[in-house]
Structures are given as structure tokens and as C-alpha cells.
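Got a structure for you, questions after.
Chain lettering (A, B, C, D and E) follows the sequence in which the chains are written, and residue indices restart at 1 in each chain.
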Amino acid sequence: ADKVKVGLMLPYTGTYAALGTAITNGFKQFVDENGGKLGGREVEYFTVDDESNPAKATENAKKLVSRDKVDVLVGTVHSGVALAMAKVARDTKTLMIVPNAGANDLTGPLCSPYVFRSSFSAWQPSYAMGEALAKKGIKNVATVTWKYSFGEESVAGFKEAFEKGGGKLVKEMTLPFPNVEFQPFLTEIASAKPDAVFVFFAGAGAAKFVADYAAAGLKNSIPLYGPGFLTDGNLGAMGGAGEGLLTTLHYADGLTNAKDAAFRTKYAQTYKLQPDVYAVQGYDAAQMYEAGLKAAGGDPEKKEDVIKGMESAKIDSPRGAFTLSKAHNPVQDIYMRQVKGDQNVMLEVVSKSLEDPARGCKM
Amino acid sequence: MSTTTKNEVLLQADRLTRRFGGLVANQDISVTLERQMIHVLLGPNGAGKSTCINMLSGDLPPSEGRIHYLGKDITALTAAQRSQVGIGRSYQRTNIFPQFTVLENVRLAAQSRRQQPWSLFTKAMEQKWALDKARACIEEAGLGKRVDWVSGVLSHGEQRQLEIAMVLSTDAQVLLLDEPLAGMGSEESASMVEVLKRLRQTRGILLVEHDMDAVFAVADMITVMVNGQLLECGPPAQIKASVAVQQAYLGTEDSFHV
Amino acid sequence: MNANASLIPKLVALAIVACVPLSGESFYIEIVGKVLVMAIFAMSLDLLVGFTGLVSFGHAAYFGIAAYAVAILSPEYEAASLWYVLPASVGLSALAAFVIGLFVLRTKGIYFIMVTLAFAQMAYFIFHDTPLGGGSDGKYLNNKPSASIFGWEPFDLTNEVHMFYFILAVLVLVYLFLARVLQSPFGRVLVGIKSNEHRMQSLGYLTFRYKLGAFTLAGALGGLAGFLYAVLFGFVTPELLSWHESGNVLLMVILGGMGNLAGAIAGAFAFEAMREIFADITKYWQLLMGGVIVAVVLFLPGGLAGVPGRIKRALQGGEAK
Amino acid sequence: MSNMLLEAKEVHTYYGASHILHGIDFNIREGEGIALMGRNGMGKSTLIKSMLGIVRPRHGRVLVRGDDYTKARTYQTAQQGIAYVPEGRGIFKSLTVRENLLMSARAGVDGRREWTFDRVMETFPRLGERINNGGWQLSGGEQQMLTIGRALMTNPDLLILDEATEGLAPLIAMEIWRIVKEIRRTGIATVIVDKNHGAVTSICDRAMILVKGQVVFDGTSDEIRAQPELIQKHLGV
Amino acid sequence: MDFASFLIQTLNSLQYGLLLFLVASGLTLVFGIMGIINLAHGSFYMIGAYLAFVLTSATGSLVLAVVLGIPLALAFGAFLEWALFSHLYKRDHLEQVLLTYGLILIFEQLRSLLVGDDVHGVAIPAFLDASIQLTEVMSYPVYRLAISVVCIVLAVALYYVIQRTRLGMMIRAGNDDRGMVEALGININMIYRVVFALGVALAALAGMLAAPISSVFPNMGSHVLIISFVIVVIGGIGSVWGALVAALIVGFADTFGKVLVPELSGIVVYVVMAVVLLWRPEGILKKG
């Protein structure tokens, strides 16, 4: 039979290059474990560096879809790029698996039979954090995030749960992406003295925020919380500043399932790197597709069957097993994690099988 | 060309003053320019002659004083607007379009008389009137052999000639010429003096020049400035004889023999 | 000068491009279509940079404004009329350029570069930080405008081949239009302003108005390119207005050789082709592309537009250098 | 006899394809003064620039004190004690008058420092009044004085003045000629291009006339003064 | 805003402004004084930061890293000038845009190949690793204050070199008319090489000093590029004091903008730039 053509559209240069690589590694790891095959067929990869640039996104996606005629599009990290890809996927009826981008819209108003997500929606980890803080009895929280959709959606998810639980946001602060001068906000926080601070940042900005927060002495008086992107992959850059931080995410260090242990050993062996949540998402993207292909008897052309197969699959992920919601977003456990040394150690499951509400999805 | 009346007052500047910070470059300078007259502005270096021309041409706003052209107050007009009403100038330091040919330099100058910014589809090179005008003025300035040369590669003296050709082609009634002969060879200077005389027949000319042979060959009236102040104003003979002027500017005959 | 001599290569190039749809590969049709759009964009900027001497570092604003205009003006579930959205979006870009021009044209040189950037960044943040155009995630244009006139449909933009020829036709028209404009008295004045604006003023030209005219015209044509882009891809994002995009189109113009319309087109082709080809052959495409750009600067002064001249000289075997 | 300072041998210079200098021989000895004459566009400035390495001659050689400087960089030639006042001035606009003078200050080749800042100030009192003005704020004549002063600050052995009195008031021009004479008396050689033939021939001991990039006359000032028809023919006066 | 936080915000503004000046200082030299439109300024900053990371990891001390890094950056700058920039002075300035764009791509890719794409931190030297208590909950890191001091010293030194020394005069003259400088017997090529190298070293130094507080990450150069140009330009090209004033203005505008008009904080800097340039079309302090 023909090969299965997999199109990887991920950032290989620029700010998110490390994430793109981790996702690719994870995906390929599963394929290797599966004998170098998906649905029983050899896999052929096509890669495009999306540069995290939405302005080139449509064009890049079409390159994979109409030139390389891939059977599945896997991508990407940046939400704006992923939205453009999703449009191409819908218009051309190409299967797409989002291995990271968290924009709620992807499995919300813009959901489509062809678009799946192996990661999370921005709403999920934040909502779980909102619940957890409210349960702890925290009343007043200040938030800070970059002014772009992902940040605002994260804060909105947090707010929804937190206010439902009786909490109150005393200050909602935003700054333009990718500005990283946080000092004014730290001063504001110090003067408002909330019970806690919830932030969404990722990558280098997150590392800097956590370091600045500690350097300003706030860490000792006002606890800091956020979705796991705050600390994932950044602990080295923070020095000791992150020690003890609590974050929520669908993955953590120190999970007790066997799948995770195997996955991590293998990954570390193959790539001489510690795996992270991005690698897991890449790995699961491959698993999801494998499930779909299996249902279609290994024929990627039978799209209906592939989709059905994926929709009904139970994915045995290193993060713990998950299923997919009607809108194609993982229904998964969210963990509360704490930074210990260079690890985000799992403390507890704060939200069991959390499902994104998929508001606006008409599927 | 418009009708010309002898001795009609073209340009009148009343008590112009210009300060640069603490420095008073021009103080209460009044100049009158009539048609068919060459009025020469003399003065040592830094006396304020170019500043005066700059005020008349609109390149510099005066600190005080008014300027009238044909009786109308033009003090508030910009350089471009003054050029449009009929005041043309040349520059002391060569000021041309170095990437263009000589012809294009002058043609652009000629084109400025009938601007049609809206007619995007006519070809500039088919506007014969501008081309003819340009060629005539180039010939007049003695650059006939260089019509198609890129002006930036002309020798210094040739660029000075081009400067004159440009101002000629604007048909200005008032010519403000800032050291037009500077950098020209003696032969070119001599022929330029002839050009000036011919131009005088229809226009008024304000001339700044340090070439005394040329000045006394063409001047009808001379104003001498020193340190921004008016020193003396009168016909050439009077100026030549003036002791004050000799001391401040001309020097005495014997000092000529170095 | 020898317009006819250079006409033939241009016609050949045009013919080759016109054959692209024959390949039937929708990817190539679209990608070449995009390059054509960028070529229009680059020409519009060249009018400012190469001919008028106004180095705008915010030209993406006009591209983006028109692109957003189509997306916003088009109803969500049906096609808008081309004959309404095209003039409307191009007009909006022109209007924006006119108003911004009133301010920015008061500055010169590097300062002008930076003020144009400042205004473009403001436009960027308007689309990025407000819900007007869907915020940072951008906005879909779900239905391409329809070209029907009272029921008669001369062409169909949802058809990729029609779309391609539509863009190509616009490109040719813009090229001919600009070539003509540059020969007009207006165009000559622009070139004069580039060479020596002060002298133009003292010759009696109200240069501000001419510059404003050029700025508005360039904004309108940049908007035209943005319009085509949005229709071609059906997705607009604030990044279309970002300084990276303004920078890219500026690079195309410089790469092609400033002050040469065909050069601007060549620059757009070269720039896009390099990205595509190098990114295809290696993950380290940036290294290759950077290397080629550095080499072009070092060995091809004046950009690609100078290449035909070099070849000619080399063929004539005339004196070196 | 004193030594050869600067020589050009069979120099051919082109601008692109146009052949400007057609094999020119030029030489100047220490302390000598040469008037370089010719109509506009005959190649006077080009000759000077060729010797200084500002434009490169395609054929021929340039010697400074007998050493080959044909391929030397301009600053190396200039450091041999050659100061250049270009036509059209070339002052530094973003520097003040003082800075324009100070930036070029240097001891002569033999270490002598005759021309100091103060001496330039004495020579051109007008500059003293404008000492903190920016170069772009000077009148044309003031700029001219500044370039001459700047050249003198390098304590040269050879001073090349290309139309140095352009735009100077007669009194100042005379003053310049007086200074040049004085400079010459201290043993500094000079090459002068100027349209005031009377003045230059009276200052210089030799004269040279260029026509279309060729030397048509090379002789003493007295010889040329004795042949007014030469001047008439080649310079048109 | 209560008075105490107003004071602290003012301190924040000053400190941020000085940091911005540090980041832009190399550009003041290369772009402001030498007139080279150097888009690779951000890359030199990035290279400095990565140098700090690599050398600190190797030697264990940021101070040693800086001591080793500066000569490296100088040599690197001199090499680039010799190999590339020296060929461009006579050409259209915009060709420098193209060249330096190419360099950005090359440097980013090399960085990725040599050091990878991860985010790194750099440890603050132990003797500066302390805080000053400002309010009961908030304190101020000594390292930031130390950097502010370095910035002030740098500003004064730069001003002195450029405005007061003959070297400075020659550089400025070179930007007006290179040929004339050379005709005066000055080896302008050598001077430009040295100054360019200094500019690169300054940018790299900024990267090294900023590394502990900004962390080290891919594309960090492009983040500082535009803001550096903004500062040099609104200060008035070629003016060191102007750049300092501009950096402080931007520092204040950005800090208070974030707090007082958060919705508009993205455009505050650009509005400031537009207003300044429309008010003074040649920057705040044109010269001197």
C-alpha cells in the first residue's frame, strides 16, 4: 500500500523552535515504537517551518495540503497560525491534529469534523486552577497576562471558575505581547496586596516573570499561580526563583502510570533530552491518528472512518488516558503540580476528566 | 512674457531683520529692485548677503520686516509660492539634481511654470514647450555641449553654469543670484556678464558677487553691507569712491599688487 | 532609452508566468499568485522609496487595512460584490495613507522612516488589541467577493485559475499605470524631489502636495495588493500590518534594485522564491537565505535590476568594471 | 637644488569610459609654487585628485619625495605633508568651527608645529567670532576660510588650493594671497588653481596650463606674463 | 495610585529607561554617529547574551564572562567591518538594510545550531545578588540598580568620547564626508573599523549585562531592535544625551502607560515617538 503522508507544520526557527522540535520528536517516537508505521503503512514526513508567522500560515498549510497532498496536518504551536491552518483543513477537508495551540476557538466556534486537538484548550488548565484556588478559600486575586487571545482566554477560564467559587478578581492587568518589562505590575501588585496572583505567560517571558516576581520579594508574601506553561521548560532559566510554585496542567513530572515511565525512558534515550508536555502532545497526536487509521483499516482515504475512529478512541497517553470530546478536544485530568528542583512534581488531580465547554461549536 | 515697464518697482524689502540666536545677520535692511536694473549687494564674507537673499526668496523667514512684490505683501509666502509669483534664485553653493542630465535639470525648472500634477498620463518628454525652453536656456548659459551629460559629473565651473540655466528657464521676473560667477573661469565669467546684461532688458536682478570686474561692468546700483548692517547704497561710481567701502570691502588699489 | 530591447525579456517573463495555471497544480497557482500580489505591493512601495525618496517603514499598514476591510465588509455567510468591496477597501487604504501622510510627510530621512513605522504600529495594535478584526487571532473571509454585474458573471474568484489571472491582470495594469505615471510631469517631479527636494521647492513646486499625492497613491496600490491577498487566502491577521511585513516588502524593493519597477517585481519573486526553495531543501534555510542576501549585497551593488546591464556588459566584453 | 616633492608621470585618468587626463607630467619641488591654469572642465581638479589618490589614474605613476605612491591610500599621501583645499569646500557640517580645526591638527612631517589653533585664529579673526557655530551655519566665505585654516592645521609641506578664493571678498582674497605668499616664504610649496591669473602668477614661480587633459604650457611665471596671447588663447581673457 | 507606589513606579521608569539606554547605546554609535543602518544590532545584543550564558556556564562567573566576552565582541565587530560593512559606505544606505537583514538570519541560525533553542538563565554575580526592602512586601534587586549605574557611566563616557575627543570629531566628520577626512591624512577606514567594533562590543555588553534579568532566548534580538531605533531617533540621531533623554522618556511612558492606560499600552511608545517627531522633526536634541 501507499505510504501515509504526514505534514508537520511547526516552528523550527524563532521563539518556539524548541517546542516545534519536541512535538516532532514525540510524534516520531510513537511512530518508531509502532514499527515505523501508522495504520500499518510506512510513514512519509513532510515538514514546513511555520516560523510562528500567521501572515504566512495559509500559504504554508496549503503547501502541505495541495502540493505534498498530505493525509494529515499536524500543527502547530502558535494559535494564530493554527487558526489559519484550521481554515485550510476545513476548506480542503484535510484531517488536522493540533499538538499544542490552545485557542478555545479551534474546538469552539470554529470546530470542524476535520480538526482534532491532542493538547488542551486555554480554558482547561486555567479553569482547573480557578476551581482549586476558590476551594482553598482564597478571596482576592490579581491577574497579569499578555494582551493576546491565548492570555485573555486563560484569564477568562480562571475567572469563570474562580468567581463561581466565590472569589473576586481585584485587578486584571495586561501588557502587550511580547513585552517583558514587568516591574510596573509588580509594584501595582505590591500596593494592591491581593491574596494571590494568577498569571499566564509562556517561554522566556514566563521565566522572566517568575524571576522578577521573586526578586521583588513578592514570592514570600503573595503566592503566585498559573497554568503550567509558566514553568514548563523554563525551570533552568529561572534559577531557583520557581521553587515551590504551584501550577496546573494536563501533564506533570512524577506521574505514576507505566506508560509515562516507558515514554520518558525511551525519549531520553533517543533524543538525549528530557521529554516535556510538548513531546507528549506530539506523541499523542500520532497515537490519535493511529487509532483513526486502525478504524479505517489503514486507509487514510476513508476520512469518515478515520474521524470516527479518532472520536471514539481512548488514548493511552503518558499524561494518563483521555478521550475526545464532541468538539475533538481531549477530556483529560488536570494536575496540580509543584516545582521541586528541576521538576514540576504532580501533587494531585485537581480536576478529573475536565471537558472544555466548547462554546459556540455546532457539531 | 508679460509686458515690461521701465523702472517699475518689482521687489521691495522694508527693514528686514534676521537673527540667528544672538547673532544679528541682517539688521533693518531695505532693498528696492526695479525692472531693467541690476542691483548688486556687496559686503565682506559673513556680512549677511546670502541671508538677505534667503529672506527674499523665502528660504528663511525674516525675524522682522516686510517684503512686497509688485505691491503685494509676500512676506508670508513660502519659497515655492514666491517662485510661482516670479521670483527665481540661484544658490551660492551648487544646488542641482546631480543624477539627472543637464537637460532634465533645466527641463524640470521649466516645467515648474506650468504644473499639471493631475495629468498623470501625458509624457513629460512630449511637452515641447518645456524642452525648447530648457534647450534655449542651456545654450544661453554656455552649456550647449553638455546637454546630455549627467550633471553630477560636470566640472565645478560647469555646474555653476547649470545653476544659471535653471533659474533662467523659470522665466522669473526677479532674479536673485548668489555669486553666480564663483567657480567659473574668466572666459565663462565674461560671457556670463553678457548674459546678465541681456537679462536686464526685461527683468530685475539682485546680484551678490565678489568678482569686482564683473560687478562694475553690470551694476546699476550697489548696496554695501557690513556685519548685517547697511553701510552704503548708491550708484557704482559713488561706491567705488567711498572710503568706508574701500576699508571694509574693496581694499585699496595698491593692496592689489600683492 | 532602449525600451524595446528590455521589452522582450519582460514579455517572455510575463508569458511564462501566464502559463503557470496550465500546470494544474493548485499549490503553484496559489503560490505564484501570492508572489504576484507581493510584486504589486513592492511596486507600490517602490513608487515611494525608489522614485520619490520616501523610505516608508510602515507600508504594511495600507496592505493590512485593505485586507481587513474586505474581511470586515464581507457578510459572514454570503459573497460581497467585488465592485463594492474592491473600491471600498482600496479607498480606505488611500484615505488612511492620505491622513497619515499629512503628518508623516513633515519629517525627513530616517525620521520619516521611524514616523511611518510609528503610525503603522498604531494600526497594528488597533487590529491586534481590539475586537474590531478578531483580535490577535485574526479573521476569516469565508466567501470570496463575487464579480457578478446584474447577474452576469465575467469571472469567478473562487476559481483558482480565474483568481490567478485576475491578479496577473491587476499586476500588469499597475505596472503600466506606474510606468506611465513616472513619465508624466507628476512622476518627473517625484524623481526630482528624491534627488533634491529643496531645489524643487525653490523652483516653485509645492513638494508637500506632490509627496502627499505619491503617498496616497502608494497607499492605495498597497491596499490593492492587500485586498488581493485577503481574497486569495481568505484569512487576515494583524501580522499583515506588522513591521516585519513592512520590512519584508522594503527588502524586496532593495533586493530588486530601487527605482526600477521591474526590479521591484524581480525582488518580490527572488525574495519569496528564496524562502520557498531554501526552506524546502533544508531546515537551516535561514543560513542559506542570509548567505545569499549578503552575497547579493556584496557582489551585486544596486540589486537585481543591475543584473541585465552587467550581463550585457560582460557579453560585449567591454572594459572590466 | 631642492628636492622633488610631488611628481606625476604620464598620468592617464578616466571617469568610467571618459578619458580625462591624457598623459600628464607634473612635478613640484620643495618650496616651489605652481599656478595650475585652464578653462572649466579641462582637468585641473582631476589632476590634483589623481595625485592624491582620490581618483585612481589608470596609467602612470605618482611619486612623493621620490617614493612610489601610485597605489597608496589617500591618507598615506596626505600624511607626507600634503594638504588639500578642495573646490566646493567640503567642510564638516556636523562639527563646529573649532572641531573642524582641531580634528585635523597634526605636526608636520619634520615634527614642526608652526600652525597652531591660535595662529589660525589670528589669521582669520572672522572664524574666531564664529568659533562655536556649526559648520552648516557659516557663510560661504567663512566656510572657505575654515577649509584653508583646516589645511594649515596639518602643518603641510605642500598646500594645494583648488579655487581657494572662490566666494571670498576682495579684501579677504588679498589677505589669502598675502598669507600664501608668507607661507611660501617659510618654505612651503603650493599648487594654486584660481581664476585670478594676475594674483596666482605673481605668487607662483611656475605656471602650467591644461587644455583637455593635456599640458599645453609649462614654464615660469615670467614667461607666461610675457606671452599674453597664450593666456588669451587658452584661458580666454 | 498612592504616593509610595508612585515613587516606586518612578524608580521603575528610571531604571527601565537606563536599561533601554544601555540596550541602545551600541546603536547610538553605529547608527547615530557612523550612519550605518544596522538591523543586526539586536543580533549583537543576542550574541552578547548568549556569550554571557556560555561563558558564565564555563567560568562560573558573569564578571569573568564579561571580561572575556568584550574582547571577543570587539574582534568579531572588527572582522565584520572588514569583511562586509567596509564595502558599503559608498553605496545607498538602504543596501545596509539588506546586508544586516541577511546577517540577522545567519546569526539566528548559527545560534540555534551552536547553543540550541532553549531558554536559559544567567546567574547574578554573588556580590550583587541582594535586595533592598522598599515596602513591607516589595524589595528592589541590587543588580538592577547596579546596571543603572553602569548605564550612567557609559552615557558619560560615550558623550565624552564622541563630543570631546579628536577621535569623536573624526568619526563625526567621517559621517559627513569620508573622502575629505582621508584627504586630511587620517586613516578613516581604521577609525571606522575601531568604532564599529566598539559599537558591536557595546551591544554585546548590553546583552551580557541584561542576560541575568531578561534571560536568554531565541529571537531576543528582534525584541530590542525596534525600541533601540526608536530611542536613537527620537533622541536626535547622533546625540548621546538625546538618546539618554529619549530612553528615559520611553521608560516613563511605558511604565506609566502600563499602569494608567493599560488598553493603550501597546501603542504608547509609538504615540510618544510620533508626537515627539511631529513636534521636533529632528529629534529632541539634534546635535551635541
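Assume a residue touches a chain if its C-beta (ideal position, glycine included) is under 8 Å from a C-beta of that chain, and two chains touch if they have at least 3 such contacts.
What you are looking at is a predicted structure, and each value in this text was computed from that prediction instead of being measured.
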Seminar exercise, completed: Touching both chain D and chain E we find none
Exercise. For chain B, which other chain has the most distant CA centre?
Worked result: A
Seminar exercise, completed: Relative to chain D, the most remote chain by C-alpha centroid is chain A
For this session: Round to the nearest whole Å and give the separation of the Cα centres of chain B and chain C.
Result: 43
Exercise. Centre to centre, by mean C-alpha position, how many angstrom separate chain B and chain E?
Worked result: 48
Seminar exercise, completed: Distance between the CA centroids of chain C and chain D (whole Å) is 51
Problem set entry | Centroid distance [mean C-alpha coordinates] between chain D and chain B, Å | 29
Problem set entry | Multi-chain contact residues (two or more partners), chain A | 13, 147, 176
Exercise. Where do chains touch, given as pairs?
Worked result: A-C, A-E, B-C, B-D, C-E, D-E
Exercise. What residues on chain A touch chain C, complex-wise?
Worked result: 12-13, 47-49, 53-55, 57-59, 62-63, 65-67, 79-80, 83-84, 87, 91, 103, 105, 147-149, 152, 176-177
For this session: Show which residues of chain E lie in contact with chain D when the two form their complex.
Result: 166, 169-170, 172-173, 175-177, 179-189, 238, 287
Problem set entry | chain B partner contacts - residues on chain C that touch it in the complex | 180-181, 183-189, 191-192, 195-196, 198-207, 209-210, 213
Seminar exercise, completed: Per the touch rule, the chain B residues reaching chain C in their complex are 57, 59, 78-81, 83-84, 89, 91, 95-100, 104, 107-109, 111-113, 115-125, 127, 166, 170
For this session: Could you please specify the touching residues of chain C with respect to chain E in the complex?
Result: 49, 55, 103, 106-108, 110-111, 114-115, 117-119, 121-122, 125, 128-129, 243, 247, 250-251, 254-255, 258, 284, 286-287, 289-294, 296-298, 301-303
